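One structure coming up, written as structure tokens, with questions to follow.
A, B and C label the chains in the order they appear, each numbered from 1.
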């Protein structure tokens, strides 16, 4: 009986794939791989391509990772080292974990009304001085990719911090002693001994966060601007696959549903790859000690 | 009187490498050792013996300020190294540990290759010579070269426990400290590995001052020139269990053949501990 | 001292510093910089939480009133005074979380029992564990898409389309991995001696599990369940095209087969309205939702900490 219950997991996973694949086959046979590299999204002429959304998904998730990894690992180091007394460190640790409990729709609300208006002048400055770089080439006018990246940072920071913290804590004290014992400083020890010993766990956490960032829907949908016209610039409105699904699924029919399913399939495959890669990397990177 | 002592301490002609001057160490509110006075001579092997929990490790860690890593550990009194007070405010504990290396009870190689285990310490200490030579000579001095020479790029954890411990000794030698502290370096090893490490210690004595904690009285007798016997006793003022103190410090053969204290006699003859 | 002379040659190859601390050495400066960076990271990391919480408390909390908690929301418009309330959404969130819990607790606990009691390290168990991890990583919107495809668009449940049932099912997919994992891990912590003891005195495996291992692992399982429900209650993406939204209270069981509102979808819908009155409702709903979720989080922490007190 319990075996049957356990199999439910496999069954759900499998049927998600089968159903989504089945629903998207019309679009797959019609557009093939062209779907991945064109940006048209026109229900009237029935032309669909998910390039903008795929670009948005990859750009927002990797860019947020770029910011959140140093921030999260730095925070985890702060929590596990003894710069300040334990009470303060525990407080920070609990605060960061509570951040994970805030629903993404609330963060989205906050992003629309507080964060984006606050960031806009900063973005404008960046655009003014670095506008010649394609990524900053449009003037920030409101919702767009950049605030979506920032809100994703807020969302994945707790994952990276708490998993890094756990991995750092698991590094045995005797390795730290060994390093201090030969005259290493605190940060030499952290960079050369502690982090390498914890790297498999940290990598696992980072990849988990990447998967989360790719699939994150609500906060991004609310702040990214939901536009399917392609632009390199992070200050222009954009799309992610999940935002596209959230936005259009309710009112879609015909080929559009099938195309959305195709996009969902891509998202599913992306997050599956990240997930499998994460489990593989954790095994591969773990050192014996 | 303190004045007088200071003068002697600063006089380089004395043969003392490490001096404890009225050292007491507390973990939080519980006192681990109290009022230790002890002058440890240079270029000799000194062993710390005594029953479990009497504060040998605590005293040893005080010498290279490893106790700094323990939350709530506090030292009163002074520890001198070549006439310098190691606990004065302007001392850099990192430099102290570069001059006073340590080998721990459990072998603790880094999760790196054997080569890197040795090169890492030398590199952070600013070693500028030929690294291959240093790795080889350190491993040779620690009597583990034969076992390691064909697998320098394998993890330090691919060695046996005894070999790992000698790798840790080699790692310590490679930073060229003046003093090497060893906390029960053989407690996790078989008799043959133990013997090898004792031979290593004999070799090292020529260049380093060595202080070794051991539970094995025969080992203390075999390797050390001087012996410090620590004991623990319950006192009224500390309600938190026993407090360690130094009973007797002398040449090893004196301690073992004609100890001045009854407690020492009882301990070495196996009456307690 | 003789040996010192030969040694000095070797020592020449090292940077030979004095023991006196030099606060301006490159090494000590770098140490300070990195320490400072790490402190900055920690401060930056807690700023978002502080800001989000304070804005929700101020903007959301200031309008909380009994009316707001029980009234039905009015159609969007610019009338601040009669925007209505969020009552149906609170009830909807509770109902759909409950449906999700009813579906996923038996499956999740059962699956967890299978993993740790019946097939500890078999290939099939490994496969299921892997599957659980993958399922945990499936984006929540995909759960919505999936339920939409098999339930909503097929009208398979008594011909109803968007419904509370469909919403609850989508949420249950998200709860399931959390519950399986905590059950599995909770049971793993039960010492094997107890199991052997029970089996040794002739208890059947079923008795052993229901009388010995489950009660011991009960607290960690409940932690998992609470966390799972908390996650589900805060989710929006799986609901926006399964349960959709409704402005009315449920009046009877048959309403489970129709659209139902939830706090999270209400926040989403009303945040995007151009009217201040609806935006305000979204903030108030956020306040209520966060209070519920933080409460559950504290509850789970409390369960965990009282476990550790007991065991050690």
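Simple rule for what comes next: a contact is a pair of C-beta atoms (placed from the backbone, for glycine too) under 8 Å apart; a residue touches a chain by one contact, two chains touch by 3 or more.
Quantities reported herein were computed from a predicted structural model and do not represent experimental measurements.
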Task: Higher-contact pair (C-beta pairs counted), B-C versus A-B - done: A-B
Open item on the list: Report the chain whose CA-based centre is farthest from the CA-based centre of chain C.
Closed with: B
Open item on the list: I'd like to verify one number: the distance from the centre of chain A to the centre of chain C, where each centre is the average of its C-alpha atoms, in whole angstrom.
Closed with: 17
Open item on the list: Please tell me the distance, in whole Å, between the geometric centres of chain A and chain B computed from their C-alpha atoms.
Closed with: 50
Task: Where chain C touches two or more other chains at once, by residue number - done: 27
- [ ] List, in ascending order, every residue of chain A touching at least 2 other chains.
- [x] 185
Task: Sequence positions of chain B contacting 2 or more other chains - done: 94-95, 98, 125, 175
Task: Residue numbers on chain C that touch chain A, as the complex places them - done: 27, 30-31, 34-35, 37-42, 44-46, 48-53, 55-56, 106-107, 110-111, 113-115, 117-119, 124-125, 127-128, 130-135, 137-146, 148-150, 173, 176-177, 180, 230, 233-237, 240-241, 244, 264, 267-268, 271-272, 279, 282-283, 286, 289-290, 293-294, 297
TODO: Give every residue of chain C touching chain B within the complex, in rising order.
DONE: 3, 7, 10-11, 13-15, 17-22, 27-28
Task: Contact set on chain B toward chain A in their complex - done: 64, 66, 69, 71, 94-95, 97-98, 101-104, 106, 108-112, 120-121, 124-125, 155, 157, 168, 171-172, 175
Task: Complex interface listing, chain B residues touching chain C - done: 43, 81, 84, 86, 90-92, 94-96, 98-99, 122, 125-129, 175-176, 206-207
Open item on the list: Please output the residues of chain A touching chain C within their complex, sorted ascending.
Closed with: 1-3, 5-10, 12-13, 15-16, 19-20, 23, 70-75, 77-79, 81, 83, 92, 95-96, 98-99, 101-110, 112-114, 154, 157, 161, 185-187, 190, 208, 211-212, 214-218, 222, 242, 245-246, 249-250, 260-261, 264, 267-268, 271-272, 274-276, 279
